[in-house]
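What follows is a single structure, and I will ask about it in a moment.
Chain lettering (A, B and C) follows the sequence in which the chains are written, and residue indices restart at 1 in each chain.
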Amino acid sequence: MGGGGMRGVSTGAFWLLAAAVGLAIILLSRFTVTNEYFFFAAYVVLQYIVLATAWNILGGYTGYTNFGTGAFFALGAYSSVVLHKMPALTQSWFGITTPGIPLPVMIVVGGAVSGLVGLGTGYLSLRLRGVFFAIATLALAIVVQTLIVNWDYVGGSRGIYIIRPANAPLGGGYIQYLYTLMIVLTVVSVSIARTIERSQLGLGFAAIRDDEQAAEAGGVPTLRLKLIATTLSGALMGMAGAPLPYYVTYLDPTSSFNLAYAVNSVAMPVVGGMTSWVGPVIGAVLLGTIQQLATVTISSALNLLIVGLLLIGFVIIAPNGIVGLVQARRDKRVAAAEAVARRKAVA
Amino acid sequence: MSDMAAAKRPILAVSGLGKRFGGFVALESIDLDIAPGERLGLIGPNGSGKSTLVNCLCGTLHNETGSVVFDGQPLNGKIAHERTRLGLARSFQLPKPFHTLNLVDNIRVPLLYTVNARPGTRLTAPQVEERCFELLQQAGLGDKARRMPRDLTQVEMRKLELARAVATQPRLLFADEAMAGLSHAEVEEVLGVLFRLNETGITIVLIEHIMSAVMSFSTRLCVLVAGQKIADGLPQEVVRNPEVEKAYLGE
Amino acid sequence: MVVSLDLLINAIVAGVLLGGFYAAVTVGITISFGMLDIANIAQPAFILFGSYAAYIVNSSFGLDPILIGFIMTPVFFVIGMAIYRLYHHAFETRGQQSIQGLAFFFGLLFVGEVSLILIFGVDYRFVEAPYIGPSLHFGMFDLPLRMLVPFVVSLVMIGLLQLYLTRSFIGRAILAVSQDRVALQLMAANPTTIKQIAYGISTATCALAGTFLIIIQPVEPSIGRDYIGRIFAICVLGGMTSLPGMVAAAILIGVVESITATFYGPSWSPAVAFGFLLITLAWRPSGLLGRT
């Protein structure tokens, strides 16, 4: 279970290592990067790492496909909008001045909202076969979009403008602040994924993925574990979405909202590899960077087409992703070496 | 007096169990008492409902009528993993290993989720690891411990299936056609495993088609035909029952 | 809110007609998912292909859209068989997890929509035919011909399909496959070939369904996604494998959607089908727990 290296690193050590790497990147970018565009682009890639990792906890680890990433992501973004407008609301309703809500708090709230919706969706559909859960998430995406389009308070179909605060905490520009938050979120989600991989929970997830009936017969409380996976996955997606309004400053529920996030969060783990935390990271960095480069050169529709074709191609030809391909090369080399050693021993 | 009564109490008491699939009656009012330590053979033609019965008893399927009581505890409403934790285990007819996990992890899953989930027991990680290897060794799979299920032969897969069920420390084990397609020697191997398990106190229900194995193993024989139990008693007597001959052995 | 009888009756009638159309859209899924257990979530993409095919031929040559649908049906049938071939080779033979199969169809759905955007752009497209526009008037309610004609043709198509499935050898084999794969192998008919034909049929229905769609309303590439919830809700509500059940479910959902749109506004319609799906999933799980 789990691909590639870092076999021996304990869970605690990994968190520290990841945090250290994150901190190093933050400091390095603070002092060496001068072009603000770097933070814009990196934010998107980091966001995709979180989304892909979150998707993979339910998808690659547990075997349940979620096509509604856009819904969970949007719920996080729009809960931030609601919180952003709250001071104005309490002012006009009660005449009380409540302080603005800091973004980290919004992130937690966004995670809570999306986590709850994940729990609810799971509760309704996880007792049935996996395909019904997948269909339910597809329909969920449409419903969330419909609800938001009809809710004028958050802008409805016209969208809403969000003004970034004048001062960024921690100094530096506001975009750099968002980038920093996203690095923290990336470290957290990747570490959570790896912790799960090495834990009893992860073993239970894998058993469900490989043979749910046998897992249940073996004492695994499959429904409970699936609900945990769904809630956690949804929550992380919501957290990834929470800073979005401040990043784009104009938020609207057009179809592109659901489309790009849904297909990317499936394609990135598939391309990178679904069995370990490394896969979604590789997939997100690879596809995310390609898309960032492509958006400036070709149209965004063509760009998405490429992602879709990569998804289909990999799922047919290399279903275990890049990690799987590397693993297969390694296994072949090990097997060849063993064969040679055996022949030598006999001779 | 109550201790004696408890000792006489069936480990599994099935009463009036019925299961339908739409209009099709798969099981019709099955009554069955299994005594602790017994070796019960369950036979019947294909489609008679043997696997359906096992599925209902283990909680994989939901029976519409009837009650099941396991060692004094009613099971109605309890789903499969809860029944396994209570001590009711089964191996699957077609082995269902966790194919992305190696053999040790295949044993580790049921171990962690049953034995470690029961109140009182709490094995540490090294103890769990040791127990997994022990179970694999007992099943004769010791040297393939780090391999993957796809590297196993047919009979080894069957043994893994049984080992996984044994890992849950069951008091009652359903061995569902664990020997189908095996050679005579392999059948003897698996029978040996089952005899040894029974000697440690596990009640075993053997669902099988291989009559020689059933006859040599069972202390009691039960025959299912078209969803109904038509015979239940000592093996030598049951096989001489004319109805049984007609429905099953005569084919 | 005043509920005028006039409005209500028109909403119901429109809903019934809409339901007939929905049945045409869903029948393919009843075959591929209900009977063959292939979660073909790419179906809406093929329906849109049908719509755009009708658009191209109709705007270039002026042919009647429904005629175009009939002509395209064998083409879609062949495409469907090819896709099943690929799906079977890549996933069913490998015994792959359902995740890869789902991801495959999702990729198809997505690539389909994006391709349409690239080729046709996001503008609405429509077809022209003599029955688009006029309505029959019956005192209390109107029957718009652009809804009536697809309704009638759809029911005819489904009726013919039902006859085929219950009377012809291959049709009965398809029904047998949906119930018991092993039995079919014993019958010495190759289940893979049967499934290939069945899947081809399910894709073929998209040619006509797509035509109906563009007759009823102008289309643009993203409306396919509105239909996913509807299609599966109708299939599940209709009992998965029964064509008559599916038609009844389609009409029910059509009527509820129509009433919702009339009294609460059309932007809520996509949520209606989802509501039905949730209710069905929560309430009728016994039919959905797998095939045994």
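As a working rule, contacts are C-beta pairs under 8 Å (C-beta built on N, C-alpha and C of every residue); 3 or more make two chains touch, one makes a residue touch a chain.
Remember, it's a predicted structure, so these values are computed and weren't measured experimentally.
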item	value
Subunit B to subunit C, fewest steps along touching chains	2
Per-chain CA centroid nearest to the all-protein CA mean	A
Maximum inter-chain contact count - chain pair	A-C
Computed distance of Cα centres, subunit B from subunit A, in Å	42
Between subunit C and subunit A, distance of the C-alpha-averaged centres to the nearest whole Å	32
Residues of subunit A engaged with two or more neighbouring chains	209
Footprint of subunit A on subunit C - complex, ascending	33, 39, 41, 86, 90, 94, 96-100, 102-104, 106-108, 110-111, 113-115, 117-118, 222, 225-226, 228-229, 232-233, 236, 265, 267-268, 270-271, 273-274, 277-278, 281-282, 285, 288-290
Complex contacts: residues of subunit A adjacent to subunit B	1, 200, 203-204, 206-207, 209-211, 213-222, 275
Interface residues, subunit B side, partner subunit A - complex	58, 60, 79-81, 84-85, 89-90, 92, 96-101, 105, 108-110, 112-114, 117, 164, 167-168
Complex interface listing, subunit A residues touching subunit C	59-60, 63-65, 67, 124-125, 127-132, 134-136, 138-143, 146-147, 149-150, 209, 255, 258-259, 262-263, 266-267, 270, 274, 299, 301-302, 304-305, 308-309, 311-312, 315-316, 319
